[in-house]
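We call the chains A, B, C, D, E and F, going by the order they appear; numbering starts again at 1 in every chain.
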Amino acid sequence: MSGIVVQNISRAAREVTEGLAKCGVATVHEAQGRTGLLSHHMRPIFPGARVAGSAVTIAAPPGDNWMVHVAIEQLQEGDILVLAPTSPCVDAYFGDLLATSVRARGCRGLVIEAGVRDVRDLTAMQFPVWSKAVFAQGTVKATLGSVNVPIVCDGALINPGDIIVADDDGVCVVPRANAAQVLEKAQAREAEEEVKRKRLAAGELSLDIYDMRSTLAARGLKYV
Amino acid sequence: MSGIVVQNISRAAREVTEGLAKCGVATVHEAQGRTGLLSHHMRPIFPGARVAGSAVTIAAPPGDNWMVHVAIEQLQEGDILVLAPTSPCVDAYFGDLLATSVRARGCRGLVIEAGVRDVRDLTAMQFPVWSKAVFAQGTVKATLGSVNVPIVCDGALINPGDIIVADDDGVCVVPRANAAQVLEKAQAREAEEEVKRKRLAAGELSLDIYDMRSTLAARGLKYV
Amino acid sequence: MSGIVVQNISRAAREVTEGLAKCGVATVHEAQGRTGLLSHHMRPIFPGARVAGSAVTIAAPPGDNWMVHVAIEQLQEGDILVLAPTSPCVDAYFGDLLATSVRARGCRGLVIEAGVRDVRDLTAMQFPVWSKAVFAQGTVKATLGSVNVPIVCDGALINPGDIIVADDDGVCVVPRANAAQVLEKAQAREAEEEVKRKRLAAGELSLDIYDMRSTLAARGLKYV
Amino acid sequence: MSGIVVQNISRAAREVTEGLAKCGVATVHEAQGRTGLLSHHMRPIFPGARVAGSAVTIAAPPGDNWMVHVAIEQLQEGDILVLAPTSPCVDAYFGDLLATSVRARGCRGLVIEAGVRDVRDLTAMQFPVWSKAVFAQGTVKATLGSVNVPIVCDGALINPGDIIVADDDGVCVVPRANAAQVLEKAQAREAEEEVKRKRLAAGELSLDIYDMRSTLAARGLKYV
Amino acid sequence: MSGIVVQNISRAAREVTEGLAKCGVATVHEAQGRTGLLSHHMRPIFPGARVAGSAVTIAAPPGDNWMVHVAIEQLQEGDILVLAPTSPCVDAYFGDLLATSVRARGCRGLVIEAGVRDVRDLTAMQFPVWSKAVFAQGTVKATLGSVNVPIVCDGALINPGDIIVADDDGVCVVPRANAAQVLEKAQAREAEEEVKRKRLAAGELSLDIYDMRSTLAARGLKYV
Amino acid sequence: MSGIVVQNISRAAREVTEGLAKCGVATVHEAQGRTGLLSHHMRPIFPGARVAGSAVTIAAPPGDNWMVHVAIEQLQEGDILVLAPTSPCVDAYFGDLLATSVRARGCRGLVIEAGVRDVRDLTAMQFPVWSKAVFAQGTVKATLGSVNVPIVCDGALINPGDIIVADDDGVCVVPRANAAQVLEKAQAREAEEEVKRKRLAAGELSLDIYDMRSTLAARGLKYV
């Protein structure tokens, strides 16, 4: 089942991924019904990045980054590389040399359920990575994996071409078919939140804005 | 036992909480006999914040932030919101909208043995949060908890109105009744440390300042 | 077996440790055959530091920092203090007072498989620490350990006088006897990487630079 | 996306699931190309059980087992219940009363990426459970989830009707479409292993049986 | 605050603790409104034990079991020893010699948020222990703690004389003042469950027994 | 530095290893000054085993068990196989086929800072294993490691030929040169403990046996 590179994958429109990036992970995740979130173990190597792009996926053996080299050739402008090891691993599949290479191909970031190194250089380059670990341990190039096959990465199913949204809150995947609709909902949600933010900033209570008092009383909440 | 909101809690004097904030967590913790510390799992979402305030406590069901909305009405200027889930949970009970609301009520920070989201916005607002996780997963509003009841948060017993001190070293709780006395001891400790810091900076050894050599020899320490 | 302080240890030449610091952990680790790495649990308390120096080692009982005071007298310009507890512990053996003291002795940093506190002050001082935890819990001074004996720290064997290299990627130990040779290899590796970086930045693929295509095909990689 | 119960799912033939159970997790996992394994966090509540059956899947909110009650009606003889919470949770969604109920429907076991309780009774009943935790904390019945939808459970994608194989080594999922073919390969593998086991028991070395010596020498292995 | 031994503590009546032991942790925890549970990290060293007794509490420094020796003198027939370290620790505060001693005093078990050793002997003696770890690392006797003071043990507040209930599901604490009432509710709950168990065993569905179908439909559950 | 097999290693006398096995891990660990213990993460796959033997060590790449096959040829009657991966890994390097093979060579057990599988069969064979995980994930045979070189396994330095002692409390390593002396101390310790056990069983207090009352009073312990 490994040893496969899928070359032609469909991608979402650039304006859709850019719109999703602006909304951010928390809003996109809510907008698609609280699905598609990777776990809280996936952390950015530096704060402040917010990106979205089409997933080029890698299923890689533990401690072996051969398939990263293979995947780079499949990258296009606006893509995000996503790697899941085939068993738990914290080795660094990726560092500043590979970041230089993928950036030259237009790649906007890396999501990896494993380790990464050269984070000082990656930070200087402002190349964003979301990873499970920072670890200097390198890898070998001895065993095949696959590129652009469906993977489960840190608890989420990711198909090649799905949209990855990532920021300081973590990483979320949006199935490509739903992306435009999710963007619409996310933007509507943002507009609504803007209104609420002003009311809350002015001192109104969410208890009143959302009219929760009667329901709370009905459930038996007692003030003492 | 849940479904209760205690409305009138006693709080410490403002100058006491402000004094404790200046001393910081490590000094306060020492000054009260090394008690009241939450575990090292509680981390700030951005570095550099140092706050103290009166605890408004929340006991909340896993994945349900209804009680946060209820608690906000109980907040006063200088309070710190403290949430413990009734079973282990990393969901985000809190984000930038709620931060806007609690700040409008005078709240100085959040301590939560669970998750938080919108950390980019919270950082921009400089609203400090100490949490067990950063996670975009939202919550429901379906089940009652309680507000301003005693809670165990990340290993420490916290009564409503106790003083919470939090900085980059973590979070410490000071029972309200002891607060003035702890402040006094903490300030004395700081003064002493200032003297020692100068001697140590000048190259003196703590072995000599604290007169440890004879005790060490008596215990059998051997130089080879 | 405890209660020993070894006073005269051999150290590497200053230009060797400084050379290794410039190469950084990932490169040094590769240059010595992927050995000597501490685990990914060892994290810097602030980003950006990159140091190397000779190890002054401490084996300390859990929750007891007496031996840190003893070790300080053994420090020389350019040393790095390395502490391993004799059983797992996250207590803070070290804070800003001790940092003031060790810096006065010329110490360049601390590597500790336990906790550290006063990280706000340590950050302000720019005194670098790599630790397993940040925790305000202090220690006692009641039980002997040893100074400058071989220790296993976070999975790596460290002899006193070995060279410690530490940066944002973690911590690596280089046996003193190999240090000059490792430096040479690390610098050669850096030079090589510089060449590759330029080719990759120009859009060349590592598949071609490393001539991997035929091996991949021989192993059965299929493009579909 | 939640609030759905799919009623008619396809199941594998009984002789296929029974055949897979006999082969066990390690063999089945190898036979399908090392895919489909849940993580090592999934542990049996008592040793010695070995089962296989068709998955009836549950996506449940954290701390809420309402959907378990809904799922029971969908169970048929030979099924295995599989529950993934929609965010990380260790609460007990299941205990001896529910075990009594699902057994009455023919269910052979539970796989749950969360907690379970009443393990003394479950052990007495010999009702096998693979879970992430044993925990007495109960759940509420307040929020909808879904039944018989695709889920990601502890890192593996599981579709309703897929075959679950579970024993002391953990849990593996076999896509229904591949089940017969995987069984065939697993049985062939078992036959082969039987031959090897005899040779190894007689003292032959795998170095010779698999003819590894020349490859090892070619790679540079040195005997000293 | 440490260095105190409280000698006269109140205990619950024997028939109450024995009644609670029979009900078990899960039932008792439900009967007192889902409070008082220690976390799932507390595991029995062998399966099958089910005990209840009055808590004799110990607050002990990390890696120091001096206070265990002090506490033994305070034990009476039917007590359970409960130890919380003052900072996280997995060292073995307790082994077969101490078990021999506490059993001679009538103690029925140990609950310890740390390590334990000699588990082979403890199993042979059938002396039950619930601990966070099994670890052979011993402790020193150098620093004071306290006996029979309130402690927070693995997330639960325990006062001396409170009732500890422990079995394969974990550990629960019942405040002494509530013990008789909790027992009554627990027994009522058991009686009810017996009835339900029979109906469920006969194939009835909880959907019908608890009349959930209409509520589920009202919330929007869809069968497809 | 890898790719080496050391063929002739020195081993301890059989009566020494057998003597140490009888004393068990906790006693041996105390007898050698509380050194040499592997962490509490190393757990037996079934309870009750107690073994000791000479270490044949393996340094293996993550997810690659080629060196296990190489190591088997080096095994002699009474040896224990010890494997440390060169970076963190939970894959199963070992199962029932390899157990059959190593047993045929006289090997008494396996200590592995990684995973193991076929635990049902290993339990039936009563072949003891201490591992960090049970996991069905297999390995490849693609990259060299080394056999009979010094390794750090789960925090302890192990040289080939050192004595490994393992039981339900964990795993301890005794340097070969010290083995006879450690055995002597361990047996003395056991004899002493036997005397104390009788006194404690008769109800005497360790406070009196060890004469602790005056020291405790001097430190300030207060009975209230």
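Observations
Just so we're on the same page, contacts are C-beta pairs under 8 Å (C-beta built on N, C-alpha and C of every residue); 3 or more make two chains touch, one makes a residue touch a chain.
The structure displayed is predicted, hence computed values, not measured ones.
The fewest steps needed to get from chain B to chain E, moving only between touching chains, is 1. Rounded to a whole number, the gap between the C-alpha centres of chain C and chain D is 42 angstrom. For the pair chain B and chain D, the distance between C-alpha centroids works out to 42 Å. Rounded to whole angstrom, the centroid-to-centroid distance between chain B and chain C, based on C-alpha atoms, equals 31 Å.
Computed centre separation for the pair chain C/chain F is 28 angstrom, with centres defined by C-alpha atoms.
Residues of chain F in contact with at least two other chains: 34, 37, 39-40, 86-88, 90, 135, 137. Interface note: chains touch in the pairs A-B, A-C, A-D, A-F, B-C, B-D, B-E, C-E, C-F, D-E, D-F, E-F.
Here chain E touches chain F in the complex through residues 3-7, 46, 66, 69-70, 72-73, 90, 92, 95-98, 100-101, 103-105, 115, 117-120, 123, 133-138, 141, 144, going by the rule given at the top. On the side of chain E, the complex with chain D involves touching residues 24-26, 29-30, 34, 37, 39-40, 43, 47-48, 50, 167-170, 172, 193, 196-197, 200-203, 205-207, 210, 212, 216, 219-224.
Interface of chain F with chain A (complex): residues 61-64, 86-91, 135, 137, 140, 142-143.
Residue ranges on chain E touching chain B, taken from their complex, read 1-2, 32-35, 37, 39-40, 86-88, 150, 152, 155-157.
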